[in-house]
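What follows is a single structure, and I will ask about it in a moment.
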Amino acid sequence: METQTNFSIDELLTVTAARALAGKNVVFAGIGLPTLAVSLAQETTSPNIEVIYESGVCGAHPSALPATIADSVLITGSEAVLNLAALFGYVLQGERIDVGFLGAAQIDKFGNLNSSVIGDWHNPKKRLPGSGGAHEVLANARETFVIMRRHTKRSFVTECDFITSASPDRAIAEGARSNAKGVTRVFTQFGVLARENVGEELILTGIHAGVDVAEVIAETGWDLKVSPNLEILPVPTQAELELLRNEIDPNGMYLRP
Amino acid sequence: METQTNFSIDELLTVTAARALAGKNVVFAGIGLPTLAVSLAQETTSPNIEVIYESGVCGAHPSALPATIADSVLITGSEAVLNLAALFGYVLQGERIDVGFLGAAQIDKFGNLNSSVIGDWHNPKKRLPGSGGAHEVLANARETFVIMRRHTKRSFVTECDFITSASPDRAIAEGARSNAKGVTRVFTQFGVLARENVGEELILTGIHAGVDVAEVIAETGWDLKVSPNLEILPVPTQAELELLRNEIDPNGMYLRP
Amino acid sequence: MSNQSESNRTSKVMSMSDAIAKYVFSGATVAIEGFTHAIPTAAGHEIIRQGFKDLTLVRQTADIVVDQMLAGGCISTLVSSFVGNSSAGSLGEIRRRIEDSDPVKLNFVEYSHYGMVCRYLAGAQKLPFYPLKSFFGSDLPKINPEIRKVTSPYPNSDGGFDEIYVVPAINPDVTIVHAQRADQWGNIQMWGLTGLQAEAVFAAKNAIVTVEEIVSDEVVRSDPNRTIIPAHAVSAVVEVPFGAHPSFTQGYYDRDNAFYREWTGISGEKESIQNWLKTWVYGTKNHAEYVALMSEETKQRLEVGEAMSLPINYGSRL
Amino acid sequence: MSNQSESNRTSKVMSMSDAIAKYVFSGATVAIEGFTHAIPTAAGHEIIRQGFKDLTLVRQTADIVVDQMLAGGCISTLVSSFVGNSSAGSLGEIRRRIEDSDPVKLNFVEYSHYGMVCRYLAGAQKLPFYPLKSFFGSDLPKINPEIRKVTSPYPNSDGGFDEIYVVPAINPDVTIVHAQRADQWGNIQMWGLTGLQAEAVFAAKNAIVTVEEIVSDEVVRSDPNRTIIPAHAVSAVVEVPFGAHPSFTQGYYDRDNAFYREWTGISGEKESIQNWLKTWVYGTKNHAEYVALMSEETKQRLEVGEAMSLPINYGSRL
């Protein structure tokens, strides 16, 4: 894309995700781009965001970018540290999270996620880390944002090899009571896939300037539908880029060129 | 009793209970005589006792005698303070307590306790405080000691008006899994009622010097059995009395003359 | 790297009257917690002043503040596991309501202490129920049909499947607790007896936390493990010194044991309890006026000594 | 009024080798917990040195120490919800055992993080099971038959009775955790991330706690709320500075992120991982020798700054 000259894909993804956090208050962040997106949102559209990490940290104010979700810099000067029974039981299952950030090896059109295995679980081609807390985030957060830096057929699949974290669609079908909407946004190098409610498919609602819709469809394992109101996503403003480059990730720890 | 000249009933009860704590490690104490008995045991037979209070205090080292189980003096300088989910869930139900101390308005021959009502629960003659944590202490402590300063027919009954805290005998009969032995000792102004295991009745195993067994039986609502090895309980030693009077309760807060 | 712009962040600090008016309503289920320590009495008094009726009051240890709210005509149902004036006598109004239905029978729902803890645990975790090993053999399930059983799907040592009792979740419309301090965002810091305050707050739709003092962000963030309730679970923070009197707040003031003993007499007669309310609740606009009525002798008697915690290091990499 | 005669009280302080020898045995179920923070790696190494086999290892986040114990031939079953070298690459030995059954297939029992938390919660509370809202729609129950359902005895809003998933209690033969400090009686004080250490210890038949330092009673008792595990739940306390390396101990030393990245290479080949064990575990008598092998550059890189908590007052009546 011609815009490449002005900002990187990582910056584009981070700014797009940050803008989607407008009006949100309690956000469960992962390490890397989600953390950057939350920081950017806090300093722009959403000063009330309380950022929460799976390790138990609430209201983190790190002096440096965290290397893990349990980094010592997240604890120092934070507003609260909860044990895991409280974090998972009261905060996550207690339905206190507005938006949870997740990644995955595979995602399907309803936002079911696989982070356990490639191939058969009993004899996997590749053993992945597993659920961690992803299963509980998707099941309990009001909505879940997924960031996938590489939008390809290998990760956007018709059927996950294994469903580690189930969409509320599947959970409710099995008898769950759920107030979660599941995956409502997927941010990729091409643009944004979105759905508003349980039962809907993830469809292409926005593309970054210069992206070819045909390429997005070709790189998606399922028959990706395109929104009739497909928008060209606004590019990052100079102010947003300066915050990211000078304040939030000055050393380019996560924002690769 | 002729021994009355040397020490009070309260001192006698406290010393007798303290001696019964020999070899115990984790003791759940109530306010008043149980607290005194634990302190005396710690300074004599049982230096390893960790005293625990329902309020969440573990390893209390109060600078003054506590007025309640939640007295501020119990917190200052204690070894640990737990919340109630941990105290009741992990410590009590987690079966960490060797001996629990309880009182009650009524007790029957199997150690069922009533602390809820006198009369019918729906239209009580007298409404009592209720279970508090007594139900969980009796259900979960390895064994329970009861101190009743007034041994009379009104409190030692054939049948409790209401069973607030059930003996493991009754609990197991209803299908409970229990490792508790229930009430194994009752300390009264007359002496000691005891049983060793679930299913046994509380019988008179010891009397204080000068007590008339016939009087004890007359003041007991059920057909109290007397142990063939009935012992005359040894009187307090001068050392024990000095610890109680000079160190543990120097102001006679609980040890009434 | 994070400079969350505090300037635009929304403070949760409110006045007591505004907080009670906003989150309490007649007919509401209200939890007022604090296990002997840090009982939010001042908030209970404001509920009486504002005249809310027909409340379902959930309180593990129903003591003086409950007797006062009953006398104030606020409560129609009480859910509790202990109705007593701890080691200091009795609660006249509760006993009249239960023993004599005077003026009208109190709907009393009785549990054990752990039964109450588990109701909040289920509520905080949005579970339909919480299992506990209590209640077998007790008469409590006979008079409380909310106490039920489920069967474990795992075989016991004999290969059978045990039953276990459960209690239902409680999710109060509002939970009110008291603590030593908070920041303006609602991070609540408490020490000494922390009881079941965190669970009661997480179980609630809204939560009002009264504190002895609102402190700066620096104070709170110097010790994040001291925060027992994070900001996102709190709806309103109210600064109310002496807000737990006659109970105590560790490190701030001691329990007014003399008042607990007096209460037996005050609550012994309907007239005397109403007179007490006239002077101390209806006769005061707010808790500051209540505190102003307290004698200097009382305040001196409740003073506490100094026993400071030793600092620990939260330092991270350089 | 209490002068518990400390002189006669029994200390729980033991050497690492004695504690592991006394409480760990081949075939045991061993929980080693610590969520990125305060992982008791030194204890894991001592288990390797003493050559225990056929362990069922329970660890929520199975990371480097598990890879090392697998390479040491200690583990036949792993119960976990995350098998990864957090944001630093991969765990060679675990992947060989699962993907290639090399040298033999690992019996891997997979849960989600909260599923693991709930297994400890049930264990600590001596419950047969613990309910949670997870697992609906997931494939996890299909490959883990321990994940089952019960039906709530309370009607839902539609009058029906919902099913809910439950997990079984775990009661390890021994749980091992690491913390900042303890007194000699076994009162464990910890800050920063406290994870599920308390639940894992209360769930266990015996518990070994390794600490950076054993401190005086006065230090512990100046701040009793800082004690996350009371003495009665602890079997042995072991003082082992740097005992959590390569993970971190808040306020003592930082995480050795460089080592986490190196591990991908070290564990990539069976020979290189065995060579690493030869040097760092079999080649050292104890953790002091392991620490002696660490370069000064590494120790300096892991140094942390000072961020002291502000003292609070635990004072009671005068």
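Note that the chains are named A, B, C and D in the order they appear, and that numbering of residues resets to 1 at the start of each chain.
By definition in this document, a residue touches a chain if its C-beta (ideal position, glycine included) is under 8 Å from a C-beta of that chain, and two chains touch if they have at least 3 such contacts.
These numbers come from a predicted model, not from an experiment.
Q: Between subunit A and subunit D, which partner chains are common?
A: Where subunit A and subunit D share a partner, that partner set is C.
Q: Leaving out subunit A, what pieces does the complex fall into?
A: one piece
Q: Among all other chains, pick the one whose mean CA position is farthest from the mean CA position of subunit A.
A: In terms of C-alpha centroids, the chain at the greatest distance from subunit A is B.
Q: Let me have the rounded angstrom distance from the C-alpha centre of subunit B over to the C-alpha centre of subunit D, please.
A: Chain centres of subunit B and subunit D, defined by C-alpha means, are spaced 38 Å apart.
Q: Please work out the Cα centroid separation of subunit C and subunit D, and write it as a whole number of Å.
A: About 35 Å, centre to centre.
Q: In angstrom, rounded to a whole number, how far apart do the mean CA points of subunit A and subunit B lie?
A: 57
Q: Counting only residues that touch at least two other chains, what does the list for subunit D look like?
A: Those would be 125-127, 132-133, 156, 162, 191-192, 194, 198-199, 222, 225, 250, 254, 304, 307, 314-317.
Q: If a residue has to touch 2 or more other chains to count, which residues of subunit A qualify?
A: Correct list: 57, 71-72, 75-77, 81, 89, 93.
Q: What topology does the chain contact graph adopt: line, ring, star, complete, or other?
A: It is other, because the touches fit no line, ring, star or complete pattern.
Q: What are all the touching pairs of chains?
A: Those chain pairs satisfying the definition are A-C, A-D, B-C, B-D, C-D.
Q: Using the touch rule from the top, collect the residues of subunit C that touch subunit A in their complex.
A: Of all residues in subunit C, those touching subunit A are 1-10, 124-127, 183, 185, 187, 198-199, 202, 220-222, 224-225, 227, 229-233, 314-317.
Q: Which bits of subunit D are touching subunit C when the two form their complex?
A: Of all residues in subunit D, those touching subunit C are 125-133, 148-154, 156, 162, 164, 166, 168, 180, 191-192, 194, 219, 222-223, 225-226, 250-252, 254, 302-318.
Q: Touching subunit A in the complex: which residues of subunit D?
A: Touch list, subunit D to subunit A: 35-37, 60-61, 80-84, 86-87, 94-95, 98-99, 110-114, 117, 121, 132-140, 143, 156, 162-163, 191-199, 228, 248, 250, 254-255, 257, 304, 307.
Q: Sort out for me which residues of subunit A touch subunit D in the complex.
A: Contacts found on subunit A: 31-32, 54-57, 67-72, 75-77, 81, 83-85, 88-89, 92-93, 112, 116, 121-122, 124-136, 139-140, 162-178.
Q: Where on subunit A does subunit C make contact in their complex?
A: 25-26, 39, 42-43, 47-50, 52, 57-65, 71-73, 75-82, 86, 89-91, 93-96, 247-250
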